[in-house]
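In what comes next, chain A is part of two complexes: it sits with chain B in the first one and with chain C in the second one.
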Partner chain A sequence: MTDSTSTLAASAARRTGGNMNWLRHVKSAFAYALLALAAFVSIFPFFWMIVGATNTSAQISTGKASFGDQLLINIANFLDQVDVVRITINSLIIAGAGTVATLLVTSLAGYAFEIFRSKFRERIFAAMLLMLSIPFAALMIPLFVMMSRFGLINTYQAVILPTVAWIFMIFYFRQATKAFPTELRDAAKIDGLKEWQIFAYVYFPVMRSTYAAAAIIAFMQHWNNYLWPLIVLQTNDMMTVTLVVATLNSAYTPDFGVIMVSAIFATLPTLIIFFVLQRLFVQGLLGSVK
Partner chain B sequence: MTIAENSSKGGLLARSRIARREQINGWMFIMPALVLVGIFMIYPILWSLWMSFQVGRGMNLSFGGLSNIIRLTQDPILLRALFNTGIFLVVQVPIMLTLALIFASALNNPKLIGRGFFRTAIFLPCVTSLVAYSVLFKSMFAEDGVINAFLMWAHIIADPIPWLLDPFWARIVIISAITWRWTGYNMIFYLAALQNIDRSIYEAARIDGVPAWAQFLYITVPLLKPVILFTSVISTIGTLQLFDEIMNITNGGNPADSTLTLSVYIYNLTFRFMPSFGYAATVSYVIVIIVAILSYVQFLVARDRRA
Partner chain C sequence: MPKLSKGWRRSLGVAVSSVSMLAVTSALAETVTVWCWDPNFNGATMEEAAARFQAANPDFDLEVVIFEREGLEQKLQTQLASGVMDGLPDIVLIEDYSAQKFLLSYPGAFEPLGNHIDMSKFAQYKVDIASVDGTAYSLPFDSGVTGWFYRTDILAEAGYSHEDLVDITWDEVLEMAETVYETTGVQLMSVGVDSATATRPMMQGAGSWYFDADGNPNLVGNPAFAASVETYGELLRSEAIDKSNGWNDYTGAFLSGEVASVVSGVWMTATVKSNQDLAGNWGVAPVPRLDLEGAVNASNTGGSSWYVLSSAPQKDLAIEFLDTIWGGDIDFYQKILVDQGAFGSLLAAREGPAFQASDDFFGGQPVWANFSTWMSEIPGVNYGIFSYEADNAIQASIPDLTDGSKPTEQIVEDINNQVNQLVM
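Let's look at the complex of A and B:
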């Protein structure tokens, strides 16, 4: 019966071949139009950001969408209002140290959860997965009180420490470790390597693309972090790039030209990373669901 | 016989020594993460439960019994925040995931010209920081801003829409902003999953004369169910934590608290108004409970799927 219907359908398709072709053209035209619209909408804010940086604040707030001649003035104002070197160093220290610490701690844990299995550790892992969905808002008040008791308010450590044991990353590394060939570990063991040596000299080099992808995601996360730095960083000399963008934006009389320059400045590092390492970037995103 | 016994005993001993060493290593490798999770997650979450039974200003707290919970039930602002978060959840997540699925299936056609360009373009918003893109959206949706200018130029509207001044439109702006930022992100997950589907299934369906929309509905969607579930869970958690956009597009919940979310309200209670840590901790437990319920529902759905 299925056969007869399929033959029927096939012959119907043959009969209306010309029609179907025409329909297919319409459909693919529709797909292109849809994708073009989506691409336009996706790219437009970037265009707006770059155009805005070349216009005056008044022109931006009245919707001028063509290039102007204010770029240098806006950059000069930005450099004038913001200690760019300082905030860049702050952001780089926080994102850099945060990324290295996150990768070290979470890869050790992810590796061990997969390689050294025990019933009890499986339970811990399951409990950690449950914690994955605890919202940060539920932690921030005790964390803030804790940091002020330790006298760590307004320090790099206060920003970095709570973000190091990122459970998502532990999960990511465990998933990635499933692809790590056990023969390599066995061979290294026969050669008399200790467990930490196997991790450092065999696992790490073999998994470098996993590490690179994780580094990209972690760096972005730390670079763009807003809520927690907003709470623990309090003086101007400790501000990060992200915090400065927000501060400029919430000014009583915001200078949109300067804001656009600051937004470009905040987006540029991640944009460059994305274009240079696009493949790794996507791999990092997908790694945890494979 | 004794020799055999001995050697088997020795083997057992050696094996148990190896097993014990494996155990020690297992704990050593996990320890740093475990300690950090303990200090910066488990301890705070328990402390916050304790705090939610305390009252007082700033850090001068004293036990207040159930007074925070009573305040919770009489708090109209909390109700607003819950309502707004619910609206964002119910309206935004389905729209975004549907769009992501449509774009992914359109891009899955290997004969499509400019596939790489479209994919990169739609994914590009994910590269921006939440604060930076919020700032852009705020300026685009200004009363005299570029969006209104465009809509009026195209004769879609006659008068400018008060995007950020009207509760209804302000919510629309927030929903559009989040959709812009995250559709490409979800699309990447769908694309990866689509590429794992055997093309011959579609080939067979096409030969059987199954129309494209039915292929999408009866082949693609069921096969992608696990990924769809995964993306809806992460989108839900993300929406419950909505903070950066609200702070930077609608100045922390304007107009008239119409875009206030739970995270922003907790922030306001702790750091903006008279600091009342105890009550803020109580409100934060509302999110914990919602997340727990949703996780449980997700667990039920996942179990159903396996059965």
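Let's look at the complex of A and C:
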């Protein structure tokens, strides 16, 4: 299909000659202009965040867009106002354990939904997708009552558990599993592997880049999670990075320099993980199995 | 695989036991917990109050937990609605505009402090905000008494002095804005196009609100509301007034000298003073009033109060603490005024030295004494449950107000319909 289209396009180009060339230039110039604009829109907030971290609050308020000399002072104020070690440990525990648990549960579910056939499979899956449309705010109160009955209020488990069976992630793993060759599974079966062994020793290595992409998405979700931790965490020693960054913003006289430093700090872990797993991430989104 | 699960089990066990140990230690100590939203403002004042109370009660300990303001409200609301009282604090700070929503939606959740503390010690309008059927529920904290912060240098250039700003109406302000803009090229003030909060102080200065004493919408046929909407529209349409989008833009306008003044609550003082380059060039005048019978040049914007939860484990201690320090320590109020710029509502505090002092940033004006005088003149109103919803309805009319072709009565009618839809 693609081959025949490109041959057609090539012969059309030969026929129209230079005219087509000119048109192509205009087209690509237009595309580049559009991409440049999109790049600017995506990068400007980062630029503003970094420049802002080097200026005083008053300078940021007045719109100064050049680098200043306040970076160390802003960092010192940030460290002074925020228990950085505590909140980082809390966020890392929640995001780390949350990511591992989410990947484990959702990949198992995605695998099972795709591999095993049953009468109700599609109906259950459709019902689950439907549940994606329920806003979290509607689930908050019953969830809170549940966590309280389990005695889990103000614990890491309370933050992690409700997001472990993340429906979007199950959907993602099921889609990815469609590309997983059934021949591999059949061969493994003939070799005498049990189902969990197939999952652990065949499926997992083959789907490595799918897991990498899912890990970034799940980590980001857990790290940036705000509403549920806000509701279920109660004390200073359980605070997460996002909760504390939000409080800096709600001050009557916000120190924008410190807010910018905190924004950079909150963005860093996700950025690091993304850069480390970048190659696999792109592969994962394009499909693990070639 | 079995090895791994053993390790997992062990670390899970450690995690669970350490968490439960934490819970046990916090239950044993005589700790009063407070939820509030600004570590440098209300949080800091609570720490100061605790330090003073500790001097006479060495066993007393206070833990301040900071959440972002809207988040705190949502958290409190979720928990009260779920009926689970575990982990709720002893004392919580609630913004005055939200007070009635919490008191009426969750009857019995808050302790009626009026039964324990003499409320006549506080500014009456603050007590009214948090009263239901004559029973007061809060310990009034910071007042949102409104002032008109202005740049003395810019207004002097346009030929205006402090006296010209005192005791005037919003119509006169609009005329003044034209003159200032023509002579100096600077716009007089900024009005928000992203949130319609400018009408609040106008209405309260006229002794009125979006809702009547029973909480029913009080918009159509309310001259104060019509005049507020009219004035807001004129501000939006005037080229001599800046239009700001968002808080940063709003504060940036007066900090950078783009506009010559700002009408806001006393809590804005710290922000105004954050640009020390302009020290000596600022003054504070009473707010303008609507041109209506009974309207005064004093009003309120924002402000918040402390509430004690009925379910609080340390309820009695919390009340004793609030009464002793917040209800009687005049020196404490001087300290938080100087250190945090927190303008308390205890009437006796006004006689203290800090409240009487003059401020060189404001050209040596006795700003705090002035704010105190204006605070005693603020008309008391009932904010009701749906003030934010009413704001949203006004906000939806901003395009009509900016356009100016629709008559005010029609816009008031539109807002009324929308509020009724939201409220009923």
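Simple rule for what comes next: the second predicted complex is superposed on the first by the 233 of 290 C-alpha atoms of A that agree within 3 Å, B and C clash if a C-alpha of one lies under 4 Å from a C-alpha of the other, contacts with A are read in each partner's own complex, and residues count from 1 in each chain.
Criterion: contacts are C-beta pairs under 8 Å (C-beta built on N, C-alpha and C of every residue); 3 or more make two chains touch, one makes a residue touch a chain.
This structure is a prediction, so every number in the text was calculated from the model and none was measured.
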>> Output check: A:S133 vs chain B and chain C. Expected answer is one of first, second, both, neither. What do you get?
In response: first
>> For A:A31 in the superposed arrangement: first (chain B), second (chain C), both or neither?
In response: first
> Which chain makes contact with more of the residues of chain A, chain B or else chain C?
Replying inline: B
>> Touch test for A:I170: chain B only (first), chain C only (second), both, or neither?
In response: first
> Between chain B (first) and chain C (second), which, if any, makes contact with A:F144: first, second, both or neither?
Replying inline: both
> Touching A:L103 in the superposition: chain B (first), chain C (second), both, neither?
Replying inline: neither
> If you stack the two complexes on chain A, which partner ends up touching A:Y156: first (chain B), second (chain C), both, or neither?
Replying inline: second
>> On the A-aligned overlay, A:Q234 touches which partner chain: chain B = first, chain C = second, or both, or neither?
In response: second
>> By the touch definition at the top of the document, which applies to A:Y252: first (chain B), second (chain C), both, or neither?
In response: second
> So which bits of chain A does chain B touch that chain C touches too?
Replying inline: 60-63, 140-142, 144-145, 148, 226-227, 231, 246, 249-250, 256
> Taking the complex as given, what residues does chain A use to touch chain C?
Replying inline: 57-58, 60-63, 81, 140-142, 144-145, 148, 153-156, 226-227, 230-231, 234-237, 243-244, 246-247, 249-253, 256
>> Which residues of chain B touch chain A once you look at their complex with the stated criterion?
In response: 21-23, 25-26, 28-30, 32-34, 36-37, 40-45, 47-48, 51, 59, 99, 102-103, 106-107, 109, 112, 117-118, 120-125, 127-140, 142, 144-150, 180, 183-185, 188-189, 192, 207-209, 212, 227, 230, 233, 237, 240-241, 243-244, 247-248, 251, 262-263, 266-267, 270-271, 277, 280-281, 284-285, 287-288, 291, 294-295
> chain A touches which residues of chain C in the complex?
Replying inline: 15, 19, 22-23, 26, 37-41, 63-71, 74-75, 78-79, 81-84, 86-87, 248, 251-252, 255-256, 267, 270-271, 274-275
> Given the complex with chain B, which residues does chain A contribute to the contact?
Replying inline: 2, 5-6, 8-10, 12-13, 27, 31, 34-36, 38-39, 41-43, 45-46, 48-49, 52, 60-65, 104-106, 108-109, 111-113, 115-118, 121, 124, 128, 130-131, 133-146, 148, 161-162, 164-165, 167, 170, 195, 199, 220, 223-224, 226-227, 231, 242, 245-246, 249-250, 256, 259-260, 262-263, 266-267, 270-271, 274, 278, 282, 285-286, 289
